[in-house]
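The data blocks that follow each hold one structure.
Both complexes below contain chain A, partnered by chain B and then by chain C.
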Partner chain A sequence: MGIQSLRTVSLLLAVVMASIGLAACGGGGGEGTSASQNQFPPVNEAPTSAKKGGTLTVLASGDVDYLDPGAGYYQFTYMVDFATQRTLVSWPPNEIETPQPDLAEGEPKVTDGGKTVTFKIKKGIKYSPPVNREIKSEDFKYAIERGLLPGVATGYLAPYLGDLVGFAAAEEAAGETGAEAPDIPGITTPDDRTLVLKFTKPVAAIALQALSLPIGAPVPEEYAKQFDQESPSTYGQHLVGTGPYMVENDSSGKLTGYTPGKEIKLVRNPNWDPATDYRPAYLDAIDIHEGFGDTASASRKILTGESQVNGDFAPDPPVLKEASQKYKEQLMLAPQGGNRYIALNTTIPPFNDINVRKAVLAASDREALRLTRGGELVGPIATHFIPPEMPGFEQAGGYEGTGLDFLADPGGNPKLAASYMKKAGYPSGKYTGKENLLMVSDDTGVGRKTAEVELDTLQKLGFKVTFRPVTHDTMYTRFCNVPKADVAICPNVGWLKDFNDPQTILDPTFNGEAIQPVNNSNWPQLNVPKINAAMDRAKLISDPAKRAKAWGEIDTMVTEQAPAVPWIWDYFPSIASKNVANVVNAFNGDTDLSFTSLTNP
Partner chain B sequence: MRRYIARRVLWGVALLFICSAVIFVIFYAFPSADPATLRAGRAATPEQIERIRHSLGLDEPIYTQFWLYMKNLVLHFDLGFSYQSNVPVTTLILDRLPATAFLVVGAAILWLAVGIPVGIVSAVRPRSLLDRTTMVTTLALISAPVFWLGLVALYLFADDVGQLLPIFPGIGSYIEANTFLAKAESLILPWIVLAAASAAIYARYMRSSLIDTMSEDYIRTARAKGLSERRVVMRHGVRSAVTPIVTLLGLDIGTLLAGNAILTETVFNIPGVGRLVATSIERADLPVIQGVVLFGAFFIITFNLIVDIAYAYLDPRVRYE
Partner chain C sequence: MSTGGTTEAVAPFQGPALPESAPGTHSAGQLFWRRFREDKLALAALVFLVLLTLTAIAAPLIVKLIGAPGPNVLDRSALDSFGTATGPSASHWFGVDELGRDVLSRTIYGSRVSLVVAFLATGISVLIGVALGLIAGFRRGWVDTVVSRSVDVLLAIPYLLLATGLAASCSFGNGCFGGTLKPGLGVVIFVIAITSWTFIARIVRGETLSLREKEFVEAARAAGASNSRIVFREILPNLAAPIIVYASILIPQVILYEAALSFLGVGVQPPTASWGQMIADATGVFDSAWWYMLFPGLALLFTVLAFNLVGDALQDALNPKHRRS
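Up next is the complex of A and B:
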């Protein structure tokens, strides 16, 4: 090769190396994104110039689970419930620490060392038509008790209110085909405006938060009883509420504004008195249109259209990127208070060896995992399990994490992974065992992509994996939630808070006492007596600072056990049309229908 | 003819029973989501799930569940209620059926109006430039997946996101429409998309069938009698050649009403029967799946019967005893 050619080649090589260097510097990033790097922080307050009037359209891909406030247990359902069902305490959009009194008149009285909670009920709050009467304390008692009926089956009643005096006996009495809501002696109503809850343990802190969920909404027994005698209850097709909005109904109370899977029409509740509520309720009506299976097209429709917001779906990564570049004013990224992780079954060899689990965590490329959902935009890389803005998060190390070496490198550290495999007894640094490990994942969408990224990591570490993609619900109800199914890796799991207490994040998912034969949410089946005991003690702490410290320490202990690969604390991307003054409720990261308005109603 | 119809109706009832039994077996034989667990929610205990399972009757043996289901169906026309929404299945299906029917009927009129004339013209001028162009175009339309065609149509012509000629209502406009005309307008793009492949298939069938028919002796006789070519083709040729089209039409309309328009309904967000059954399968909502299958089987059986009766009028050689 002549000198001239050599010079050309050298120059070309230099250009190529420089390009690679530039590419490595841009995008991805070597550290997790912190809250300060959220380029699209949510708006949690209505603008002072907010106008009344107009109809907002919410586009959704699926349906609410149940409009019945006793049965609903889903974030999208809460979007509707927050606008139609006022509760004893609730969440203004800019509040995530302590729920504010709503139907309760002032803060509740907590006595008896945290075992008794007394509420005074506000006067003058009326149900929507056709009930129309003023609410009373007995309505709250009935709302909780009907949750024990098999036809209502409130999913979170036992975990958070199960320590009410007489709860276990009432649960037994509800029976298998019970049509009468059983009496829970721990709930008393000395008069129409006083509600007293007595617990066997000092759990007031958690119970108060739980009453901000729809179970804390009153239900008129004389109206609902006829529907509750059916199993499942049909109250959800005839429901009434106390919020600024109601689901459109006819004079008998039958909902005309709800067609499952198709649409929900919310109209103003004529009996709502704004003087009793902190909600401004600017909109005249809200139409929820469901069934948008093609979420990319639906997202574009919102961004280019008028008076629309997204409901239960996040824009696909390419559309999210487009929104972040071309429709910046219409995008908000709100922390939802949840996490996503890849669970490793600690009861199945070789994952019963902590060094093998640490190797998997060290090898996992959490940046690549995050890319499957849209990259940096969708949230910071997780370094432990309590999500940001929740008590205990900072105590567990915050964004930087607990300082564990196997979670120090978000892009993965093959060398460190190999060293842990050697400690586990595999001198080559790779797994050489014969077991075929079962991995069950979502069969479509970003879930599948996430699983495939982790599958690649595991195969590079030497594991033989049988990869079985199934539908989302099958993945949970037949495989990952069933310990007998012996699934070694569940790559599409995670947990969303029920309210802003770290117990709701760590207890159902990492407490050994929470492992159950079906519907199990402790996917790694982590069962460490020391951690279980710490959780049992932490549940009884009322002081907020001590509670945060205790749960932060538990998060650290859990992370040290390497039961799962935590990879993101994701945001929920809220998109809106240009003429929508979107207000996101910080509690659940969704549009707050009672605070959102149109700029041109 | 009456005895023939009666026999076909009885067979139809037997087929509906068999379809129902097969769906029951499939649902239990292949792993799908557990409806009781889904109904119970994420924090439910095993005891709560079992109580719900009992209240839904899912802890009974499969043959007991099937017997109860058929008893309710035959005696009360009751298809049960959705495990997920607690709404009667009949209500869900009847609510979705008009959208699917509107979509299917409109598309059928379009594909017949385009497919048959194109097939006839191609048949009477075989191997001409027009014929070759038509056949290549039909091949392209048959090959294009309907969901791809739908997305391209939206990208080019939808009034909210269209890049070329944004003149047609876009995704979700069917739900927003309140009048018959507005709903029809919202279905123009879905009609075109759904009709495209079928029109192409019908054109090819018509062409092939008519070419065969035109070589028959009675066609030569008709020409020899001095009839005009137009009369020979339309009155003698097309009448015989159209019988396979009638069969196809019956099957197509029956299967589309049964939920086969799922892809078109998904792309354009039309709340039809196809979308209903797709979400029900994902959520293991057996009563809804059963209900849609029975409705679908009913439509297919009915339309096949109509088609067979139509044969007797179209083709005098066909007689039923």
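Up next is the complex of A and C:
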């Protein structure tokens, strides 16, 4: 089964996003009873006076993971994909709940009680050069099927489209033949403009959302096949698409505008027809400069007008402070649709005792933890796991939470912590056992600061902690993702949604059946049969209200188990220079290149 | 035999290392102190180091006396609403770091790490260097070849890289060498010691090679003294001056070495305060929180400078032939 490798990639998303502080989504509107108001709400619409033309410069610290839409799984990659790849359904910058028809003509038809989805494909959409031909329904079938190839390995395919008829057999076949994309019988193309997806379970709602991700972009088989025969596929270096922009290439299709880790150069796609698209595409070209490891100076370059927009990094607290005071018009804080928490390993004594875990949660100073990232400015303090503006958030208690005493005081409550320690059998109110607990954190920057704050809390509670700061990758791949490593505390973990559904937040992280020997993302290793069963039931609910309620209840069940200290639902700070009308895509939580414009091009 | 007695009388301090101190005028110690005293700058440095050592020893008491919070006390109320560090104030004379910890008390406690590493790592380096240098120089032959070639090989290794690698692998998980070497101060001292003994070994070997041919050693040998007696009673006392001089040169190097390792994140583990680590933490926020780098930086600067001044003065006083003008 490919679940393992698929999870690896899906984990990468969370890992990389969580680490660098990139993210996905959040809500545009100021609805809801926000406990702490976002002082710099993002602009999700282009100004009516927006002008055409000019080149936008974007700074990034790292690179995209893959330009191939079948493999890309970072927020920053999505930023590029959203400009170069149109998908069946997609996200206008002010939309986070339901993806809108894009290459699909009108709303897709859901029939058979949620087991069948039928798309009509728009007419007259052409690929960028050198393919130039019109798209057809077979291209979408191929795009999904090639995702099973080991050389492409789409991270989110199995979790969200794994119930397609014949998926398991196709997945196995892909492993064997390697180069030939396997047939998934559940995807059929009655004619060039009709695409039908058949599922064994009523999972249409979640599948539809998944098709808004880059996997929902068409791939021309006759052109891509030669590249897909290699492993990893080299289609990403010969990328074509249907978006308003394309990566600069030569007449054979080979990309000339992409130097990994250095530069991505986007130019207009001559085959894009604005009449078929909702994107205004003001800019003539976009230059993405990568490799800015010193994010503080990169941020300052943007704020002072030497460069224009940040791509993948969050400015550090001192720069954020400066921006919020001196460059107010140039800062936006996009809700991320994610959470950050300190995972307590529920299998390791004394954390296998729920009262000890509750004591840790009660003692934790979440105000101090939030200050390590920039304080109130960067987001509300979390009281549970489903982030604001996601279905299930209100059902799980909204900003206030469900009134659990051990999460009631954001500044920590040492007295309550002591009483829970007493309940756990430590009459002094402090831990007096012999266990030495391993805590593995980031060795630099904000992550280490967060860890040191929690370390202080734990030591005050009497725990003996071995503190191991390591590089961010090592923290995940050698410690926190490996149950055998016996890490008791992972202070730098968190999860970002794949799309606006609470399943994408809770299932990979707290479902006992999701625990893996490697690449594990259920960091607390929470395995409560009642919760696992509730999740399996909730996955099949298609009615939005019932679904939100079910997942909201699961969130509460998880939070009651005190498997982790949830401490922030943070925003992604998007900064721009003065001459940029920055538009943030609410779904992706980052600049939308197809809507952003220059004030004087 | 009477010759033995004579040799003993001559050997300890009136050997070839200090030929000027003829018997009957001053003892070597007095002479040394008289020369050292002339260097006023070195005297000031010495006073500084004594005070620093006292500060390090009495750190908890001093921090309490000046009313500063402990080095690991996180005080979020000392941060502003953005979570950024605040500068010098009445309650925090040197300001606080990004976690709200008092920079003054961390600087004071940081001296402990620097001095402990300085003295222990230097001490171990000297022990290893002297032992191997003595054996190599005295036995000569294949022992000398093995030791000398090992030193050559070690000197060819980029020591900071080796140390960084070693320290990094020992700072990982349960330490290295089967858990015998735990991360923290021990690793730092170990790594510095095993990469710093080579110069001392070379010098001691060279001195030993020449000393073992001297008349008083010949005499002792003729008198039937055992090898260990010759080494410990005849040769070693004559090595005292070069050993002291080179140890005093090594100390400031070791302090900087520790700071470099901590700066690179493979030194003393947090939350223990160390100057190198404080400087490393401060680099990212220097333009908004200068105090965080300035104070540990000055402490490091003055400490290393003081050791260097004292080292120079020691060298001059113990080895007048090399006195610089």
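The working rule: the second predicted complex is superposed on the first by the 562 of 601 C-alpha atoms of A that agree within 3 Å, B and C clash if a C-alpha of one lies under 4 Å from a C-alpha of the other, contacts with A are read in each partner's own complex, and residues count from 1 in each chain.
Rule of thumb we're sticking to: a contact is a pair of C-beta atoms (placed from the backbone, for glycine too) under 8 Å apart; a residue touches a chain by one contact, two chains touch by 3 or more.
Predicted model, so just to flag it, every value in this text is computed and none were measured.
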- request: Report for A:S521: first if it touches chain B alone, second if chain C alone, otherwise both or neither.
  value: first
Query: Which holds for A:G53: it touches chain B only (first), chain C only (second), both, or neither?
result: neither
- prompt: Where does A:Y73 make contact in the superposed view: on chain B (first), on chain C (second), on both, or on neither?
  reply: first
Task: Check whether chain B or chain C contacts more residues of chain A in the superposed model.
output: B
- prompt: Between chain B (first) and chain C (second), which does A:V470 come into contact with in this model arrangement: first, second, both, or neither?
  reply: both
Message: Output check: A:P159 vs chain B and chain C. Expected answer is one of first, second, both, neither. What do you get?
response: first
Message: Per the contact definition in the header, classify A:P270: touching chain B only (first), chain C only (second), both, or neither.
response: neither
Task: Using the touch definition from the top, say if A:G62 reaches chain B (first), chain C (second), both or neither.
output: first
Task: Classify the contacts of A:T444 with the two partner chains as first (chain B alone), second (chain C alone), both, or neither.
output: second
Query: Counting only touches as set out at the top, which of chain B and chain C does A:G425 meet: first, second, both, neither?
result: neither
- prompt: Where on chain A do chain B and chain C both make contact?
  reply: 470
Task: Sort out for me which residues of chain A touch chain C in the complex.
output: 296, 316-318, 320-322, 324, 365, 367-368, 370-377, 443-445, 448-449, 452-453, 455-456, 467-470
Statement: In the complex, the residues of chain C that touch chain A are 72, 74, 76, 79-84, 98-100, 171-173, 183, 265, 269-271, 284-285, 287-289
Residues of chain B that touch chain A when the two form their complex: 31-34, 37-46, 48-49, 51-52, 54-56, 81-82, 84-87, 92, 95-96, 151, 154, 160-161, 170-172, 175-176, 266-267, 269, 271, 275-276, 278-279, 281-284
Interfacial residue positions of chain A with respect to chain B in the complex: 57, 59, 62-63, 65-66, 71, 73, 150-151, 153-156, 158-159, 174-177, 231-234, 236-237, 259-263, 289-294, 297-298, 300-301, 304-305, 470-474, 476-478, 481, 508, 516-519, 521
